[in-house]
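Each in C-alpha cells, the structures are laid out below.
First subunit A sits with subunit B, and in the next complex the same chain sits with subunit C.
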Partner chain A sequence: MDPMAEIRLTFFQECEEQLTALENGLLGMQEGSADSELVNAVFRAVHSIKGGAGAFKLNTLVSFAHVFETALDKVRSGSIVPDADAMKLFLRAADALSDLVSASRDGAVLDTAPYAAIEEEFDALLGGAGGAAEDDDFQSLDFQPVTTAFSGEDAAPEATTAPARSSFLIRFRPLRELFAKANDPLALFRELTRLGRLQAQCDIKNLPFLDTMEPEDSYLSWELRLESDCDIAAVKEVFDFVDGDCDLSIEVGLPAQPAVMAAAPEASGPPPRIVQDGQADVAVPPPSVAPLPAPAEAEAAAQPKASARTAVQPTIRVDLDRVDRLINLVGELVINQAMLTQRVLHSSHVRDREVTSSLEELERLTREIQESVMAIRAQPVRPLFQRMSRIVREVADATGKDVRLRTEGEATEVDKTVVELLADPLTHMIRNAVDHGLETPEQRIAAGKAPEGTVRLAAAHRSGRVIIEVSDDGAGINRPRVLQKAIANGLVPPDSQLNDSEIDNLLFLPGFSTAQSISNISGRGVGMDVVKRSIQALGGRISIASSPGQGSTFTLSLPLTLAVLDGIVVTVDEQTFVIPLTAIVETVKHEQSRIHHVGEHSFVLRVRDVLVPLIDVGAELGVRPPANQVRSGVAILIETANGSRSALLVDNIQDQRQVVIKSLETNYKRVDGIAAATILGDGRVAMILDVDALVGLRHHDWSSTEIPFAKAS
Partner chain B sequence: MNATILTVDDSRTMRDMLRMALTDAGFRVIQAEDGLHGLDVLRQEMPEVIITDINMPRMDGFGFIEAVRQDAKYRAVPILVLTTESDEEKKLRARRAGATGWIVKPFDPVKLVSAIRRVAA
Partner chain C sequence: MIEKSPHDLAREAEFVAFRAGGLEFCINIMSVREIRGWTPATAIPRAPSYIRGVINLRGVVLPIVDLGVRLGLPGTEPTARHVIIVAQVGERAAGLLVDSVSDILSVEDTSIQATPDVASNLARTFVRGVIAMDGRMISVITLDNVLPAMELEAA
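Presenting the complex of A and B:
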C-alpha cells in the first residue's frame, strides 16, 4: 500500500477512537462531571480529527470540526457554561461528526444542510458572527497535499536565474530571550544564505570581559547584507521565530553592488567574516551547568519511566485471521491433548503416577492456553453500548420523549463476533424500549413519574455466559392489549387462557406488532421475532419480565465465545452426539408408565403432570428406523429457544464436557438437525445436535400425520 | 542530514505523517505519544530538534516545553510546536513556555523542513 493510503487508513481508525472518546466525554459531562480533563479530552478528540482531516483535504470535515472545536474551546476556557441545551447540541454535533467521518472515508456525496444547521446553532451559541468569520477565514485556507516528494536541497532558490536582484541590509541584535528559546543566530544566517549571497559582520564591542560575562546573556549584534532576488517577506519569514526576541531592522532597495565587502567595514573591529561558531558558545550553556546524570541519577530517572509505561497499556494490532488461526490451532491442541490422555490412561502407563500428574498438568495448561487465546477475541461491549446512546437520542427526538440512557458493565467482554452480531438486535430492542416502552412526558407526569424516562442497558458475566439486560421504567407490557392483538391476528385461539408470562412471550411471535400505527422508529419491518432469532443464532436466549406501571426488562443470555460449547456427550445406536448444555433442562426417568403412545412412532412423556413430546434422536436423524415401542435409554428434557419443551431419547449419557466447534457446513454440508461437529478425545467425530431444528423436524412430522398434540391430553 | 528529530503527538495519523515527511527529508525520527512519554524518551535520546503537538493527554505541549526548558541538559534543544491554524494565542503561550518556533498544520513538507533548518544548530 502506498504510504499515504496507509496513513489515511490510520487516520480513519483513529477517528473511530476519537469519536468514541468524544461521545464518552460528552456523556460524562452530561452526567454533570466537572472534571476539566473530561472537557480537555472532548476538545482533543475533535481537534485531532480536524488536524488529520486537514492533511487529507477533507474540507467539509475540517470546517465542521473547527466550529465544533471552537465551541468546545469556549467551554474549556469557561466562557460558555454547557447547559442541557448546549450538551444536546454537542451530542448531536458528535453524531454529525461521526457521519461526516464515515462519509469522508467512503467518499460519499454529502448533503451539507444538516451540518450547516448545526454550525448555525454553534454560531448562535458562540454569540453571533465572531465564530463564523473565523470559520470562513479558515475554509479559505488552501491545504497543501503532503505527498510531494522532496529533499532538503530542492527548496533552495536558484540564485543564478534571478532577473532582479535586490540588496537587503539587516541589523540584527538577539536578546537573551532568543537564546532562552533555543534559537540560534547561526541557523538563521545559514537560512539567509539559501536566499542569496550573504555577508555578515559581527559587532563585538559590547562583549564584556570574561570575569563579568553572564553566560546566558546576549552581547553580540550583526549587520548583514543579503543579495537576493527574493522579496522582503521571504527575508522576514526567516526571522519569524525570533520576532520579539531580537532587535531587527531590514532595509531594502540598496543597489546591488559587487563591492559590498568594501562598503561594509566601517566599524573598526575585526574584518567582516561569515560568522561561524562565535555565538554558539553563548547559546549553549557551558558543560558545568549541564552535568551528565550520574549513574545513580540515571537509574532514578528510569524509575518513573516504568510507571509511565504501565499507565498506558501498550497494545498491538493483529489481523483477525491470525487470531482465528491461533484459536483453531489451540482447538486442535485441546482435542489432541484429550486424545493423548485417553490413550495413555488406557495403556499400561496408567499406574505411573508421574505420567498421570504430567497429563493433568498438560490438561490444565492446555485449558489455560485455550482461555487466554479466546480472550484475545474478547472485546468489551462498551463501543456497542455507546452506539446505543445515539439510537436513544434519535428515537427520543423523533418521539418527543425525554430519555436518559444508563449503561452498566460496559467493560464486560464478549467474543468479537458476538459483539458485532448483537448490534442489530440490540438496536431494535433499544428503539422498542424508547418508542413502545416509555410513555410521553405528559403521560409520565400523569402517572406520578418523573417526566424523563430511563432506559437501562446493562451487561454482566454470569455463570459462563454474558447477560445483557435492556430495561425501561415505562408503563410495562399492556397485557390485555397484547392478548387482544394476538387473538385478532389469529396467533392464539379466541378463548385462550394465558398466564402473564405466556402473554409476554406472544411478543416474540412472527407478525406481532402492538404499536397503534407502524411508526418509523421501531416498525422497520423487523419484529421481536427477528430479534429472537438473531439471539438464538448466537446461541443465546431472550426472556421478558414486565410489571404494569413500572416497566419491562428484556434479558439476553449469550455465550462468551462461539468457538467452544459446553455439552453433554450421548450415545445413540453406537453413534456419539453432543447436546448443547444451554438447551438442557434436566434428565428424566422414562418409565413406561409415564409414556403415552399418541400415534404411529409418536410418544409423549409425562414430566410432573406436563406432557412433552418424546423424540427418538436416532429415528429422527435416520440412524435407525422408528420403532413402535419406546426403546430403553435416557430421556433428556430440553427447552428450545422459543421456550417449548421436549424430551430427547438417547441410549446413554457418556460425559459432560467442553467441545471445540467445527463447522459442518464448511467441511461437509449442512445437515438438518445438526448444528456442527466436534472431534472427541478418542479422535472420533461427534455431531452437535441443533435442538431447535430437531424439534422443528418433529413438528413437521406431526402435522403430516395429523395427530394434534392437544388430543393426547 | 542525519539529525534526529523527536516528534511528540498523541495522534497516530500526525505521527505517521511527520515520520514520512521527515524520513523522506533524511532525518532520523523518534516518537512519543504525549508530553510525559516525550520526557521519557529524552532520558535516552538527545534529539537535535523536538517537534511537539499542544493538545495531548497526560501532559500537554506547554507542560512538556516547560519541563524540557527546565532541564539544563535540554534547554538548548530547539522545540517546534504544531499548531492547527495560526492560533496566535496558543503560539504565544508556547513561545512563553520556551518554544523555538512553530509549524502550522496541515503542514507542507517543504515548510516543515525549512522550519527545522531555521532552528537546527
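Presenting the complex of A and C:
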C-alpha cells in the first residue's frame, strides 16, 4: 500500500473513533451533564476530524466540520446554551458528519443539500446567540499579539476602563513532551489573550549554557497573569491539549496584584504570595472583588484534570487475522493438552505425583491462556449501542414520536463476532420498539403517560452469558390482535386456547409478519422470526415479557464467545455426543413407571406431573433403529428456544466440560440435529447436538428450519 | 527428454496412483495435500454410506470418504494398514480412504484414453479417463462429486 493511502486509512479509522467520542459526548450532554469536560471532548472530536480532513483536502468535510465546530465553540464559551432543540441539531449534525466521513472515505458523490440545510440551521443558532461570532479557523486566528518578554518587560498596558473580574496566576512549565507533540506555548498564550488581558514573564534561569544545552529539551517556564471575566474552567480549557505535558498551576487571586514568580512551579498549595515587583501595574482593581480562595481550592485548581479524566490505557491496533490465528492455535493447545493428560494418566507406567501435578499446572496455564486470548476478541457493546441511538432518532423522526433511548451496561464485553452479528437483529428490535412498541405522543398523553417514550437498551453479564434487554414503556403487546392475526394467517387453528406467553411467542413465527397491515398493529412482529433465527444462529435465545399499558421487554441471552461451549458429554450406542449445557434443565430419573407409551415409537416421560415427549437420541439421529421398548439410560430434560420442554434419552453421561466448537460445514455440510463438531480429550471428533432441531425433527414444525451455531473454525 | 517439445511438456501431469475396492485409480497430484494412516472416524448421523465419518486432522474436522464404496465397489473394514489421502475438493478438504498408495505417475495427456463405453453410470461420474501402462489399467478420477453437495439434500 502506498504510504499516503495508508495514512488516509489511519485517518478514517481515527475518524470512526472521533465520531464515537462525539456521539458519546453529545448524548452525555443531552442527558443533562453540564460538565465542561464533555463539551471539550465533543469539540475536540469535531476539531480533530476537521484537522485531518484538511490535510487530505476533503473540502466539503472541512467546511461542514468547521461550522459544527464553531457552534460547539460557542457552547464551550457559554454563549450558546445547549437546550433540547440545539442538542437535536447537534446530534443530527453528528449523524451528517458521520455520513460525510463515510462518503469521503468511499469517494462517493455527495448530495450537499442536507448538509447545507444543517449549516443554515447552525447559522440561525449562531445568529440567535449574538452575531459576534469569532472565526477560529486555523488561518484566521484572531488575537492580540503578546510580547513574551525575556527580560521582565511586559505587554504594553492598554488603557481599558472595564475592570477585570478576577486575575489568574498561571505558572506554566512545558515539558519536552509538549514540544514533542508539536504543541507551542505561544499558541496557548494567544489563546489566553482571547480570554482577557495577559502578562507573560519568562523564567530563563534554568537555561544552560549553549555547550551543554540539549536542543530538544525544555528549559523555560512562564509566569502568566491573566485578567479576565471568565471562570477558572475556561482558563484550564486552554491547557487542555497539553494536559500532562507540562507543569501547570493556576491560582485565582486578587486582580492584577503584582506577584513574583514562584521559585518552584509545583508549589501548589499556598495562595498567591504578594510581593513587590518592578513591573508596571496595569489596571488598579477594585479592592473588594475577589476574595482569596481557600488553599484547598487553589490546590484543586492546580491539578485541573488529573482526577477528572480517567487514565487512557495505551492500545495497539492488531490485524484481526492475527488474533484469530492465535485463538485457533490456543484451541489446538487446549486439545493437545487434554490429549497429553489423558494419555499420561492412562499409561500404566507413569503414576508419578510430580507428573500429575505438572499436568495440572499445565492445564491451569492452558485455560488461562485461552481465556486471555478470548479476551482479546472481547469488545464492549458500546459502539453497537451507539449505532442504536441513531436508529432511534431516525425512526422517531419518521414516525413523529418523541423517544429517548436509555442505555445501560455499555461496557459489557462480548466477542467481536457476536457484537457484529448482533447489529442487524438489534436494529430490527429497536425499530420495532419505536415503531410498534411506543404510542404516539397523543396516545401517550391520553393514557396518562409522559409524551416522551423511553426505549431501554441494557447489557449485563449473567452466569457466563450476556443478557441484552430491549424494552419500551409503550402499550405492550396487543394479544387479542396478535391471536386474531395468527388465526387469520392460518398459523394456529381458530379454536386455539393459548396462554399469554404462547400468544407472545406467535410473533416469532415466520409468516406472522407477512401481512401488510402489521404496522397498524400496536403489537409487534415485523421480521421477528428473522431476529429469532439470527439470535439462535449465535447460540442465543430470545424471550418476551409484556404487560398491557406498560410496555414490552425482549430479552436476549447470548454466549460470551462463539469459540467454546459448555456441554455435557453423553454416550449413545457407543458414540459420544455433546449436549449444550444452556439447553439443559435437569437430568431426570428414568423409571419405567414414569414412562408412558403413546404410539408407535413414541413415549412421554412424566416429570413432576408434567408429561414431556421422550426423545430417543439414538433413534432420532439414525444411529440405531427406533424401538417400541423403552431403552434403559438417562433422561435429560431440555428446553428449546421456544420454551417447550422435552426429554432426551441417552445411554449415560460421561462428563461435563467446556468444548471448542469446530465447524462441520467447512469440509462437509450441515447435518440436521447436529449443531457443530468438537474434538475431545482423546483427539477424536464428537458431534454437538442441536437440541432445538432434534425436537423439531420429530414435530416437523417451523423450528426444524433453524440454523444452528454460526460457523466457528 | 530432449526430444520433447515445450508443448508436450506443458501437457504432462503427475498422478498419485492407489488401490481402492480392488482396482487401481489415480488422482492429480495437485489436489493431494497429504497421505496418512487410518485412524478411527466418528460417524456422522444420517450420512451416506460412503461417508466413514469425520476425523481430527490437526484441529480440522475432516470428512472421510470410503472411495471404494463411493465408486460402487465393495467396501472394506479399514485397518491400520489402510491409507487416507487428504485431498482438496473444491473449497473443502476430504480424506479418501483407500487400500494402499502404489506410486506417482508422470503421464502425458495424450496417453490418457477416454472412458470406455461399458463403464457404469457411477463410474462415468468420477472416471475422467483410463491410463494403460505396463499392463496396468489405471482409472483417472475427478474428485468434484466425491463429497455430498453442500446444500441440504431434499428431505
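Methods note: the second predicted complex is superposed on the first by the 482 of 713 C-alpha atoms of A that agree within 3 Å, B and C clash if a C-alpha of one lies under 4 Å from a C-alpha of the other, contacts with A are read in each partner's own complex, and residues count from 1 in each chain.
Going forward, a contact is a pair of C-beta atoms (placed from the backbone, for glycine too) under 8 Å apart; a residue touches a chain by one contact, two chains touch by 3 or more.
Here the structure is a predicted model, which means the values were calculated and not measured.
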Thinking of the overlay built on chain A, is A:Phe241 touched by subunit B (first), by subunit C (second), by both, or by neither?
first
Does the superposition put A:Arg225 against subunit B (first), subunit C (second), both, or neither?
neither
After the superposition on A, what does A:Leu621 contact: first (subunit B), second (subunit C), both or neither?
second
Please name the chain, subunit B or subunit C, that touches the greater number of residues in subunit A.
B
Which holds for A:Lys449: it touches subunit B only (first), subunit C only (second), both, or neither?
neither
Identify the partner contact of A:Leu188: answer first if only subunit B is touched, second if only subunit C is, both if each is, neither if none is.
first
Which partner does A:Lys662 contact after superposing on A: first (subunit B), second (subunit C), both, neither?
second
Now for A:Ser48: first (subunit B), second (subunit C), both, or neither, which partner does it touch?
first
With both complexes superposed on chain A, which partner does A:Arg377 reach: first (subunit B), second (subunit C), both or neither?
neither
So the subunit A residues that subunit B and subunit C both touch are none
Enumerate the contact residues on subunit B facing subunit A in the complex.
1, 10-14, 16-17, 20-21, 24-26, 33, 36-37, 40, 43, 55-58, 69, 72-73, 75-79, 84-85, 95, 98-102, 105-110, 113-115, 117-121
Flag every residue of subunit A that touches subunit C in the complex, lowest number first.
328, 331-332, 335, 575-576, 621-623, 662-674, 677, 679, 683-687
Where on subunit A is subunit B touching in the complex?
3-4, 6-7, 10-11, 13-14, 37, 40-41, 43-44, 47-48, 50-52, 54-55, 66, 138, 141, 143-144, 146, 148-152, 154-155, 180-184, 186-188, 190-191, 194, 238, 240-241, 244, 280, 283-285, 289-293, 298, 301-302, 304-305, 308, 311-312
Subunit C residues touching subunit A in their complex are 40-47, 51, 53-56, 58-63, 92-94, 147-152
